[in-house]
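Below you'll find the structure I mean.
By letter and in written order, the chains are A, B, C and D; residue numbering begins at 1 in each of them.
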Amino acid sequence: MNEPLPAIPRSAADDHAPAAVARRRELCELVAGRALPHLAGRPVQGEEARGKIENLVGFAQVPLGIAGPLRVDTHRGPREVFVPMATTEGAMVASYSRGMKLLRAAGGARARVVREGLSQHPVLVYRDAAAAERARASVPALRGELERLTAEASAHGRLVAVEPELVGRRLVLRLVFTTGDAIGINMAARAADLGSALVAERTGAVQRYVHGEDVEKRANARALHEGRGRSVVCDVVVPRAALVEHLRVTPEELQDIQRTYQLGFARLGTHNGLVQSANGLAAVFLACGQDVAYVTECATGFLELTPRPDGDLYASAHLPSLLVGTVGGGTGQGTAAECLELLGVRGAGGANLFAELLAATVLAGDLSLLASFCTHEFVAAHERLGRNRPPEVR
Amino acid sequence: MNEPLPAIPRSAADDHAPAAVARRRELCELVAGRALPHLAGRPVQGEEARGKIENLVGFAQVPLGIAGPLRVDTHRGPREVFVPMATTEGAMVASYSRGMKLLRAAGGARARVVREGLSQHPVLVYRDAAAAERARASVPALRGELERLTAEASAHGRLVAVEPELVGRRLVLRLVFTTGDAIGINMAARAADLGSALVAERTGAVQRYVHGEDVEKRANARALHEGRGRSVVCDVVVPRAALVEHLRVTPEELQDIQRTYQLGFARLGTHNGLVQSANGLAAVFLACGQDVAYVTECATGFLELTPRPDGDLYASAHLPSLLVGTVGGGTGQGTAAECLELLGVRGAGGANLFAELLAATVLAGDLSLLASFCTHEFVAAHERLGRNRPPEVR
Amino acid sequence: MNEPLPAIPRSAADDHAPAAVARRRELCELVAGRALPHLAGRPVQGEEARGKIENLVGFAQVPLGIAGPLRVDTHRGPREVFVPMATTEGAMVASYSRGMKLLRAAGGARARVVREGLSQHPVLVYRDAAAAERARASVPALRGELERLTAEASAHGRLVAVEPELVGRRLVLRLVFTTGDAIGINMAARAADLGSALVAERTGAVQRYVHGEDVEKRANARALHEGRGRSVVCDVVVPRAALVEHLRVTPEELQDIQRTYQLGFARLGTHNGLVQSANGLAAVFLACGQDVAYVTECATGFLELTPRPDGDLYASAHLPSLLVGTVGGGTGQGTAAECLELLGVRGAGGANLFAELLAATVLAGDLSLLASFCTHEFVAAHERLGRNRPPEVR
Amino acid sequence: MNEPLPAIPRSAADDHAPAAVARRRELCELVAGRALPHLAGRPVQGEEARGKIENLVGFAQVPLGIAGPLRVDTHRGPREVFVPMATTEGAMVASYSRGMKLLRAAGGARARVVREGLSQHPVLVYRDAAAAERARASVPALRGELERLTAEASAHGRLVAVEPELVGRRLVLRLVFTTGDAIGINMAARAADLGSALVAERTGAVQRYVHGEDVEKRANARALHEGRGRSVVCDVVVPRAALVEHLRVTPEELQDIQRTYQLGFARLGTHNGLVQSANGLAAVFLACGQDVAYVTECATGFLELTPRPDGDLYASAHLPSLLVGTVGGGTGQGTAAECLELLGVRGAGGANLFAELLAATVLAGDLSLLASFCTHEFVAAHERLGRNRPPEVR
């Protein structure tokens, strides 16, 4: 593991004053092993945005804080990091930071990417179902050509699955790619376009749509079991005493609130069984130059909170669809590059590690927030109503 | 209407060079009627982030461009605006801008907020179903007290509906608030806490969870018909000739792709029947100091694309759950405030107008992107495969 | 309460032999207070099917058994009944019967209809969104006329809610009716047709579809919180000892399996959070002359299984959408009428009681089946694999 | 093809009188090539229900009519059949019969089973995610043993896919079987029990649930793309003139109503994009000894209605999850056996043919019903309201 990190310095007097901010930034520079000038205010040059935006007029500036330290056992070994989060929602960074302290008190969480694969679903439409069936039958023989086209479309992408699905007179050509450390959506789209065009030509499709079953940037049921991008699991056993000390709740109280939450989620028909995953992901995405529109698709998954027979808490967050990259997109740019360096995930080889840190961040935030809902702490002043009433049935 | 806006100036030589960027920014300053120094690079001061973030270390910088001009008939009359979008996804601003030009060629779209109301769903748990039924029966009589508590919790919020829903031994206390020009989530949470505590005390609830059926920041089925925040509809009739000229497609081709898309959406079980709403909303949210985590919840809704008997296209976007504000949150801050001024929606009275401009932005982007999928333009180089084949059956 | 019922007589030698069957049927006749000739084999006359079917060629015959006794506290007081179930799925009636014995050992379950209302959703389409908004605004003033039209369409139906919902250029005219002891779908359709035609005429709709948002006979998210037909809750506290004795599981084991089941349901995106509700409802529907196609819509809802601090089990089944009737439809006919008499719910005033008995039946079956999944009893012979392994973490 | 069938004889005077019923039954006997005594009223003996039900007291009797003739091109060649339907919903058989006449006027529909496979999803729970990952890694090597256990569990079943899916600390062991002409659920459950016990033992699972992700008898999102049982597509090109003559609608009118329906389905979050599939499937299931509880799962899928450039209508129904059998379950019994004979699908080799006839039945019913919604025929008397208004925009 990298060396243990100190607690984040805070100024009781005025924590947003220049000195307090500078003190934290200096610590970040120490951790990152480099200067972080853009975070400090040096404007990014317009030329750096080339290829990333049109009609440029300047740069949006969003407040950025750090949470942590977050300790996680990753596929690259144990890591301890400060997590950069950009947001204007007061109390959010503090909430995540509190959860991260809990995870550290538990000895750290464990996180792993358990599946990789960026899917695209071109759709080919045929004259009728008979034609679509014939087309489906011809797909397996085209596998080699599809792989070759993918290789032509990208140096980093690889086609790892081709699954034709018939729906009436349509053929959904499910293609799955690995994309290295990039999200890889442009590469995958290019390969899907070439591949679907090939199949369409060979099979006489009357219409072809590269993104026909358009899973991109929308929460959906399919990805809950297939996953998309990187699927990550983070889990931890939290000692009972640590939970009570840091979050002021018991495992049983978390189980109770979870029971009500899961009923609510079922009634809502949501694909997001986590609690505040959207908050944490959006804040880190924004800090780290990710495409924040993907939060729609990434902030889905499952949370488990189970008291163990020994009185401790087993907790896990499962995020099936993390679409993140540490190369390409907005990652090379000013503050994004600085934040990726701070996390230690910038560049080639960093994407899975980044995904694992994100899953741990989500778990930390969900534990912290659910606990605060149990204790009604965010509304302390009004607690006198409806409280001090022993729960008879949990 | 405000005066017609000129086309966005572009530099064929190098559109990201300082001069080109400055020229556009000057136009923006003219439109906004004020200087836009932070967009130009002047750092925002840390003190301005007070109450919006903890453990501040600096500010994230994200490239920001403009799309437009967008012409919309709003509840405040016709408007013509440049739409600020912060993103690192190349081609996206151009895609939106193209769609906006189409809407202008059609004489402008029309957008209206058709419903307002921020819902919260505290859950009270009882010993058994009999107790929950009794509690439900007592809620109507508490309406006055709940309204009074809301008034105490906020000067701007108003409780407009109280609907108790029984689920087994649980009472979901659906509360709906209007919140003026703020998103109002903190106000609503405070009122929901006070209100649910009151009901819990009077009815002997054994557990109480302020966000028990937690609709916040997750796409969900419930909001598709109830809406949340502001529900907005934007529609337009696009003359056939304008569609062909600007997007190179016919109404019938858009209908065709829409048929395949809707099948895909049904198979995906998604709540987002729009195409790239997440992109447009995330980019404008980021520019305008909105909470981007809400994109999960906001980027849902429905798109209609119907050829009319006269050969023109009827198009509409329905966004049931726009959670946006023009006061509070991140809106008062450096670049956010500047962008809200650019749109002409900053401050009191601006939220519904902002929502209407967002809906028009979404419609513009969806028309543009779907058209490019039809024409396979984003992969023009590889078009030779699978094309030149007359569609026999649409 | 009616008098306690004896255990169902069984013949160890051959329980399907004529004598064993006759003995049970005689008991049923005693309970029903009348002869049950059609159950015994007397053919129903074709004339009795008039108005219920076209192109009649005869009658399907389906084996029918009884489960119970089932003891339920209903809105009409405690009831003890044998539940008629028609099925060809071996072991199913036994499974329900086992669950009912458990409920009786617990002193009986409690069931109540907690909401009534049959919704219809005609859709009116307008030229554009502006026209649809104007139409929506005019609906409240038409309320009186809509009520009058409902009264004309039916002597038993009453219009209890009119809620116009705007979706783009469409107006979903949500109408809710009470329908007495019939399902009332024909009445509601007639009233919805008259009502939607009236609104269409007054507001200049360009299209009108009586079942436009067609909730009929399909599981759906909307009904999970709105309910349709009759919403029923059944709950019970099962003493720990009774649970162990009858089902050989502990409350904690049921909580464990439930945790896994709920994760599965979330992954499946199903609206049915019960376990085998489709089995029980289909079997009783078939026996009692209900429209079995409604099982699609009725077999949705929620199951709670929570260990109490005192070691007992709290269990509940919530069925939001029971569409059942005790008059009209197939209820007047041969075996259906006999079975409704056996349950004591035939005719006017019986529908809510019938719904309550059904909810208790569902709860009994789910407890029984989940327990058998815990104990792996249905595959006892192969238990040696993967067992005898103390669960370390629940 | 078998010989063309005559129109179903009807009696204008009294179509439910014994003579009219007998005349149709005699025609059925001619078609079936055997007597149909149980349909005619001869009671089934209790002994025949052995293994299919417990606590037998008799037999439910449900009116049974025929629809047709239905002409379908199947994988066994063209077929023309009368479809037996048991129901008490007046007008339903007539509605299906009308749709079948349309299909015949179009030269017959085409139907094919496009995928077979009964999935089961046992779930194994581990101490933590690390253990679950290790277990997942060991599954491929166990494939041979799992196949052997399946062979032991059943002579007819075959294990065709084993796909371990990780969710937190759980392993969903997706198993897919082919099951011959039976539904095969008992066989699959046995094999899944044996297989999951083997994996659990080898990998140290702390909990094991044979039906852990319980897809059985519930509409769900997963099956929409994976299918379950038999996936069937039925399509047809209906000449414009035939459509207008038989259903009094144009292809464009069907496209219009479909547009509104699909919006409604999206808002409902339903997995059933067909119109009255539940009706047709329930009625044929009941007639043919199928488990009607499966209608919940079977009545899902997609309907396409697209006007062709030549003015005709392309129509298709896609049913991804038909769980039907022609051997086992209730199929050997009195009226069920008679109805399967009438359809010509009884016994070995019949299941796929049966599935294809069902899909054609569903398509016929949906065309007929949607058309009647367009023409407002079921409420003809009240048509004067809201009509005679030329649709300006479709």
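Keep this in mind: a residue touches a chain if its C-beta (ideal position, glycine included) is under 8 Å from a C-beta of that chain, and two chains touch if they have at least 3 such contacts.
Computed from a predicted model, the values in this text were never measured in an experiment.
Undergrad: I want to compare two interfaces, C-D and A-D. Which one has more contacting C-beta pairs?
TA: Greater number of contacting C-beta pairs: C-D.
Undergrad: Tell me the angle, as a multiple of 5 degrees, of the rotation that maps chain A onto chain B over the C-alpha atoms.
TA: It works out to 180 degrees.
Undergrad: At the interface of chain B with chain C, does the proportion of residue numbers present on both copies reach over half, so same, or stay under half, so different?
TA: Copies use mostly the same positions to touch.
Undergrad: In angstrom, rounded to a whole number, how far apart do the mean CA points of chain C and chain D lie?
TA: Here the centre of chain D sits 22 Å away from the centre of chain C.
Undergrad: Which integer distance in Å separates the CA centroid of chain A from that of chain D?
TA: 40
Undergrad: Please output the residue numbers of chain A that touch at least 2 other chains, ranges allowed.
TA: As it turns out, chain A has residues touching two or more other chains at 128, 167-168, 172, 221-222, 224-225, 263, 265, 267, 269, 271, 302, 304, 314, 391-394.
Undergrad: Chain adjacency by touch: line, ring, star, complete or other shape?
TA: Graph shape, chains as nodes and touching pairs as edges: complete.
Undergrad: Considering the complex alone, what residue numbers of chain D touch chain A?
TA: 110, 112, 114-115, 128-130, 133, 136, 165-169, 172, 221-222, 224-225, 231, 233-235, 237, 269, 302, 304, 314, 316-318
Undergrad: Please output the residues of chain D touching chain B within their complex, sorted ascending.
TA: Going through chain D, the ones touching chain B are 221, 224-225, 259, 262-263, 265-267, 269, 271, 273, 302, 304, 306-309, 314, 391-394.
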